[in-house]
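Both complexes below contain chain A, partnered by chain B and then by chain C.
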Partner chain A sequence: MKLGQQIIKELYELKEKIPEQKSKEKFLLYQTKLDNCQIQIKFKDIDKYGIVFDYISIKKETPILDVELINRTLEKQAELIQKTITYLLEDFRLIELDTMNKRAQLRSYPPYKKDDSKFYYEIVLDEGIRFHLQRYEYSRTKKRYEKITSQLTLEMFERLLEDVIKILGECPESSQ
Partner chain B sequence: MIMNMEHDYNRFRQIIKGKIKQNLRKYISNSGMIGKKGKDLVSIPLPQVDIPRFRFGNNGNGGAGQGEGEPGTPIGGGEGESGQGEAGNQPGHHIKEVELTLEELAEILGEELELPNIEPRGKKQIVTQKDRYTGIRRTGPESLRHFKRTFREALKRQVTSGTFDIKKPRVIPIRDDYRYRSWKTSTIPETNAVIIYMMDVSGSMWDEQKEIVRLETFWIDTWLRSQYKGLETRYIIHDAAAQEVDRETFFTVQENGGTVISSAYKLCTQIIEKDYSPEEWNIYAFHFSDGDNWSREDNELCVEILEDSLLPKINLFGYGQVESAYGSGQFFDVLFESLSYSDKLVLSHIPDKDAIYQSIKEFLGKGK
Partner chain C sequence: MIAQKELFEIQQDIEKHARAYGLDFFPVIFEVVDYDTMNRLAAYGGFPIRYPHWRFGMEYDQLSKGYRYGLQKIYEMVLNTNPCYAYLMGANSLVDQKMVMAHVYAHCDFFKNNYTFAHTNRKMIDEMANHAARVHRYIDHYGLETVENFIDTCLSLENLIDYHSPYIKRPNGAAKEQETSPKLRVKRLQSKKYMEKYINPPEFIEQQRQKLKEKSQRSQRFPDHPERDVLYFLIQHAPLENWQRDVLGIIREEAYYFAPQGMTKIMNEGWATYWHSTIMTQKVLEPREIVDYAYHHSGTVANHPGRLNPYRIGYLLYKDIEDRWNKGKFGKEWEECDDLRAKLNWDKKLGLGRQKIFEVRKIYNDVTFIDTFLTEDFCREHKLFSFAYNKKNKRYEIESREFKMVKQRFLQSLTNLGHPIISVVEANYLNRGELYLEHTFEGVELDSSYAADTLKNLHSLWKRPVHIQTVLEEKPVLLSFDGKDFSQRSLS
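Now for the complex of A and B:
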């Protein structure tokens, strides 16, 4: 069974364990260790068509020690994300590459605008080993950001998980 | 005659000023004008000032209609058909430009935005020494020789000694006739001010946001220059780290780093401590960012620096939060929640160019 499929199966199982009323009210937190990665998904619902999730966080367990290599890795990972993850609501663009704090930030480009709101995904890559995806809404009226849920078909969700794990796994070696 | 011309000229200037005042909101958010800024003059594109005059009407083309028209018959209309005309060969209408001094511009800005004049806070007045060439001496370097005075002395000498021939007017100065310009050093009390501009140049600050900052700083500069004789400006840019740069770099630099606002506040504090004693200087600091700071810890550090180091030393700290393509961060709220009690802090949201007008009013409206 592929990694993505396995995660989806486990997400189903987690949802089944929670009584229906309770699972509708709040988010469920799925955590697992697979393939040298810690995976955390905070989700609201999953059915046979798709998933509604708050965030996906994936962290490789092996740290990169060399600072220069971390920054090269971040660059490479950002490049791969921009090229590979093109099937969500918007494509990604590297916004900030903070070499001092070893962090890269990618966001939807362009963000989706509706009425007085802007919607966008944000991916934060930390130290070349951690990936975090969250969707936000910025409202001009409220003048603040809010985390919002993302909805994906199971096919897209599975593809996303596998792409991210591949991107996180590939880079340190290939960037040397 | 001269009086009339002067009167007309002054009247013309008044009309121009009135026009600029009417359209000030437009000029404030228009960067084209800043590009035309000379050392002391600014060129402002101004729509033509129309002077009332008689014009001929279109006699012969109209007239009363006769008979009944068929449904669909166009009323009036020309004879030519569309698409058959030739390209024009006359020059188009050019937008007139008028030149204003920065003082005039500041005056208009102050009147329109009802800005109060600033009361300098510096306790001591700085005394500057200025050399003015007001005197005349008998000795001096040749480069300062006053030709007119020298020849006048020579003429006087020749006339009194009777060697001047009116039919053959030749004036030959001798050593005793030589006169030289000399200077007097005067001390002028001066109230000095410094503005420290800080700008977030992290990856989320795109050209549009920097343009807003450029416009804001131009108007702040213009106003404060009209209020202080000796105005210095310093520029700090920051992403995850801060550095001092020159004006050109400030507005053109492209970075894509993260955002650590405290780095700029630390550098600003260092600059003030090193170069500007708060007792002698009126210190202004303005910071522009999209408010997406790196971490909550850094937000707290910024508040601490402002509260302990910056606000006690300065006249005014202006924080302008521009809106990036993704919106506006939380830093504005952080400052508002922690420091809104301070009358030295002015916070302003600048979502787009149209908001600059109000923002300038907020920044400068306190008269500090």
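Now for the complex of A and C:
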């Protein structure tokens, strides 16, 4: 079984354990260790078509110790994300490579606009070993940012997980 | 050098007179020191032990050279502690020592009674020694250069505190929680069911609900209100190591300890000068000392070109207040009198002057002192003027002798100790963890080189891009530093 499929199966199992009414009200937190990666997904619902999740966080367990290598890795990972993850209906663009905090930030570009709001995905790459995806809404009237849920079909979700794990896994070695 | 015994007798005599006049002070311990010790203590802000830092050495060097070249001399130094420690220069003449002691007792009275000093730590000598020990420990652990560089950064930001926060009661945690909780239940008036829509109209209830909603959304900003104590904000939220947080806390604590001295410079020095003058001329001076005393006192209250002498202005204002309240030159009748002759000869023989100045020294700071007691008559009598840089002539010139303008400039220079008012308004600017500060523009632009250095140092603590909104050439702009480059963006 592919890694993405296995995670989806486990998400189903987790959801089934929680009584239906409770699971609709609250977010569920899924955590696992697969393929040298810690995976954390906070999700609201999953069915046979798609998933509604708050965030996906994936962290490789082996840290990179060389600072220069971290920055090269971040650059490479950001580039790969921009090239690979093109199926979320919003393309990604590198907003900032913060070498001081060893962090790269990518956002949907252009963001999706509706009425007075902008919606965008944000990916934060930390130290070349951690990936975090979250969707935000910026309301012009309220003048503030809010975390919102993302909705993906299961195919997209599976592909996303596999791509991310691949990107996290490949970079450090290839950039040396 | 005067014998210790003689000094002790003089001290007792002056203390007796000071108490008789109504001055109320903590016990005062005098110590006679030579000029080198005095300069060393002065460089340390009067404290025997401070944390190690090069700026104290620099100040010592400056003071030593100033003394050696005959440019300056410190007659005394007094600490706001309980007991008050005061240092006398050993080389002072007898009349100087008398004057200085009287001056010190008035300072001690001011420290004890003025409201701005009420929150200060009276055991600050111990606290400073404690700070020094902690910094020494960090130096041993992390190295001199690392710690000293960090202290440099903190010191460059030490004026970014909220000078008035010790005197404002902040809402407590529980109240704050209640305020920010997302309960949107609108209070309804009690009514019978059939009267409900008249007593609690649905439109009104909806309107109130919207208001509550907006309020709750506003409070979700971070910080939920502009934070003027930038150092406190950094201690709480900047990604600092524990030792850095502690050092920043030390710098902040010391800044708050010294702040009241800055906030009452004119009042404090004026009060001390008033009392040394009163005690010396009415009780202590001997006929043979008059000329020496007059010479030194005139030096204290002399006008110095290019700067304001706080001793002079404070002293003259206390004298003016005393005179006005003695003669009843205040209140509605005085304000409404437009007969110049009557005003000139006004004397209701109230004799309230002394009582009034004691009240003033208790409940005012420099800003409120000048705002309340700097009158048009005083301004005219002492020929006060405001000055500004004339771009055409490329030099500073008298700008105005108009009372309103002089007072406005004066108050401007004293508000927030003459420092720009800066607050943290947003710590997650653009949803990217960037720090957004706002300069409350009150007519004076930020000095661009200082602003750049401040942004740079803030960035080194916050570790993310830092922005400050200000006004340059009458247009709102946003100055930014992203760790590499400075940028400026118009906000108009």
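The rule is short, and it goes like this: the second predicted complex is superposed on the first by the 176 of 176 C-alpha atoms of A that agree within 3 Å, B and C clash if a C-alpha of one lies under 4 Å from a C-alpha of the other, contacts with A are read in each partner's own complex, and residues count from 1 in each chain.
One rule holds in what follows: a residue touches a chain if its C-beta (ideal position, glycine included) is under 8 Å from a C-beta of that chain, and two chains touch if they have at least 3 such contacts.
Predicted, not measured: the structure shown is a model, and the values here were computed from it.
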Clash or fit: chain B against chain C, after overlaying the two structures on chain A?
clash
Determine, under the contact definition given at the top, whether A:Y145 touches first (chain B), second (chain C), both, or neither.
both
Name the contact category of A:P111: first (chain B only), second (chain C only), both, or neither.
first
Should A:F53 be classified as contacting the first partner (chain B), the second (chain C), both, or neither?
neither
What is the contact status of A:F131 with respect to chain B (first) and chain C (second): first, second, both, or neither?
neither
Looking at A:L94, would you say it contacts chain B, chain C, both, or neither? Reply first, second, both or neither.
first
Chain A residues in contact: does chain B have more, or chain C?
B
Candidates 218-226, 254-262 or 344-352 of chain C: the single one with C-alpha clashes against chain B:
218-226
If I apply the document's touch criterion, which positions on chain A are contacted by chain B in one structure and by chain C in the other?
95-96, 98, 100-101, 105, 136, 138, 144-145
Give the list of chain A residues in touch with chain C in this complex.
95-96, 98, 100-101, 105, 122, 136, 138, 142, 144-145
Which residues of chain A touch chain B in their complex?
94-101, 103, 105, 107, 110-111, 118, 120, 136, 138-140, 143-145
Would you pull the chain C residues touching chain A in the complex into a rising list?
217, 220-221, 239, 428, 431-432, 463-464, 483
Give the list of chain B residues in touch with chain A in this complex.
202-204, 239-241, 256-260, 294, 323, 325-330, 332-333, 349, 351
